[in-house]
């Protein structure tokens, strides 16, 4: 497999030039557009890494999967899904239209920005700081990486330029989806998005999901299997922004992308996959990364359908 | 005329029960739902008052006309209309849909909340306080009422519950329509909406507009005639929320309503009209007030078309 | 005035090149893009003509004003406005969005395509042919031009390519706004749009409106004054597609444009104006024509506000 | 299993009263609201039937899966997906909004009405009759039921009241998604929806999909495996109208419902499921049927995630 990973990276480098870095978060434009890396962690403990697998990038929207798991564990299904829906939207990730036009007014799912901000607002804790610490501890546990930290520059950049997310949050406060302090909730969200990772960390998250929420090292169940299933289903139906349907057909495994260029994917019962490639397509997904995982899925016949 | 005003009030009291007080601003629910008053100020200096013309209410959206005039005087047409459009929308006053779906993203006109908040953000001044003082001085001059002040309870109530307006403002900050501090701009907006008036004050604003921006007492021009014309046109095409078209057909004079129950109307070259009636119809206009001004316009054949 | 009309045409020819002919109706692309003409008919019987005032063009959306008058005369206000609203929309003339999103589902006003098709469906008559004959007779009477006919090529072209209008009509049939045969209603609509006129015909319609529905020659009232007022109000608030608000501010008189390049305008109590200039701006209005009428309105201070 | 199927039907009868028959197709209101039946066909050839499995109902939207397969076989992926997208929409099945607001204008997926009508317009054939015959032959082959026919009353009822679908079709004609005769395409669509089936037929379709397009009896491949995968993925992401996301989470297998009360489901490699229950929830899915398949999936742990 190691050889094949190297080949995949070489084969797909050509797509990088057709994408772009996301200009609306100034700090992200400083990323290395040419970076391309991939890691695979299988449930039998093997790890494969290729390309720029040591390249550090911020996790961004991939964090939505983890904060959803934490909110489900803390609040339960009923509380969470009374406030956030289960349906794909077909709209861009930062759209407000359905909040205004569909009754009752609640974000359609936890993978779009509105839904993810609502989820972050549910995390229990006395202060934003406390909530972030808890989230970070959860990330460290799942990735088995005690060194995970927040990239302060990216966090400050998102906070400074996050007015669209602020608009979403205040709208949800107005309709009662967010019950707490808006700025505090946004702070948790901006910080969780700014956690710095490598493809290895992402692949380990994927393996954790593939293993139904059981820690690969300790063998201890960290998240109820039922919630893992929910997270994987959202990844399958809405994980790749408004290209999720196309990805489901062409790749066929649960995945979640972030505008930092990362892609998390999971093959139930088999392995986790982490990819990085900061050059994005117009929907916000890593342009070369999507091709890489498509090749990988075809080669190993990973599609679940 | 005095007699006819008394009659109009009696005739239309019956509509009060079919309306309601606006529940989304808690302080406004404390209004006297049964109040009904009307003032007329003609350009030859005569004044007529009937019913609860001494009843105090907050000016709310009627203030949008005045802040537009001030912004035009301070910034000029080009600056203002590069950031706010000139078109009626057909949408509710607090809608966000067109901000997301129409390019370039700017509020359609200065009479909907988004447009009015953008206008308030343009007022020059070192601080929110300074801007509000300037606006208040302008209101006092136009109404010839040095005692106008802000109702602090209403202001605080709007500020506390103004999350939908906050959402609009942050969206506009994101797309560059609002260039300055969002919370400061909102503060100006919430305060201008909380100015406390009587129907006499409103009728004097109407007379000022009818007199093309010339102060009725001093004879001094306070606002360029061109800008007065712009304000009157907006009142005609978008002054009564998404019932503006119906009002233009049934009443036919420029008018602006507020959720405090007030209606400002102006008959070019003739008179200004102020009405109060806090019980609102579902579009947000004074339910009895609209009927009163309709009767009045028919009786004196005031329609401009 | 004759001299000034000539000057207006010369002054505004320069705008022609920035516009385009409407490509979605193949037959209209054959128009002479450089034509520019203007007629004024005053209520005291004087007529002024300049430029290509003998150029023949199809009336298109300007016909919506006349069919509205006929429907009001035949069916009355209540029937008409139970099925078509009174509000400007801010949307493009062929938009379907509000039909789907706003309850009850009815076209917002008679000046957008959906509303105009609904109005045409209300015209009484045994057959499409009979309805069209009646409409045509009404047009001939108002314009005092017994030679008005339908341009068969344009009609067939619109019928062949009118699928967007068909979509609007079937949607309205589904929600009960259109009660009769859809194809028959569309046939009336396509035919009324294909009536061939000159600027003189249009100016005479404007004079008829300025004269409150009284025939200039016979002195006989053809349409109730109340309905004329309704038509003029719609022209003012929604007559120039989604540039109506801007036109109201910059020009300030009731007007209606058509994609054939025509503009109808009326100055209450004074005169009617007809303009042609087939090169259109992106909203669908004659690009030079809008400038011409703006100059004209400023010169003679015609704005009603 | 037989016993369990009987139990499922008894357990879920209580939901019937909370649903309703679809009133917009008059002929469907004549259905037996209380009918409830279920069939399972496993790949090893076993069949289980319970309740009203002999009840005849029209296939409705379930036919969208089969017409998609036929269009893919005839035209190939590129042709099909140039005209119809791959994304879930979150909107009601008959929505037109995204056709107008998202560029390029094409239906988001083949499971909503717009997409399915576009798919039907692609079927090759000299006449509507010929296309329908071909579709019907394909249905008969897949279900191994040579007696399948069209319910003429339902077909005529849909044709007569199908104005919303007509609106969708003409809109698509206007933007070039439908290239052929609109009424002919609609005729194919209305007829395919009116094919009369039992749960056994539906379960056999599910088994055919579970068997990757290989006929269970002859062992012959009728549809390329790749296309079967595409169909199953659409069923998973958009098969249950705008409740697809919730169904994916709660049930977790590819399924497609129809307003005739049917539900088709497939468990890859294992079995096909057919359910009928004409009482529908507000999204248009069989209200008891959804509960039945949820119980069934939980009992046998069928979820693919």
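The first chain written gets the first letter, and so on, giving A, B, C and D; residue counts start at 1 in each chain.
One rule holds for everything that comes next: a residue touches a chain if its C-beta (ideal position, glycine included) is under 8 Å from a C-beta of that chain, and two chains touch if they have at least 3 such contacts.
Here the structure is a predicted model, which means the values were calculated and not measured.
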Farthest chain (mean CA position) relative to subunit D: B
Fraction-based call for subunit C against subunit B, same above half, different below: same
Centre-of-Cα separation between subunit C and subunit B, whole angstrom: 33
Geometric centre distance via CA averages, subunit C-subunit A, whole Å: 54
Geometric centre distance via CA averages, subunit B-subunit A, whole Å: 46
For subunit A, residues contacting two or more additional chains: 101
Graph class of chain-chain contacts, one of line, ring, star, complete, other: ring
Touching pairs among all chains present in the structure: A-B, A-D, B-C, C-D
Residue ranges of subunit D in contact with subunit A within the complex: 85-91, 98, 102, 108-109, 229-230, 232-234, 236-238, 242-246, 248-249, 252, 254, 268, 303-305
Touching residues on subunit B, where the partner in the complex is subunit A: 95-97, 100-101, 163-164, 166-171, 173-174, 182
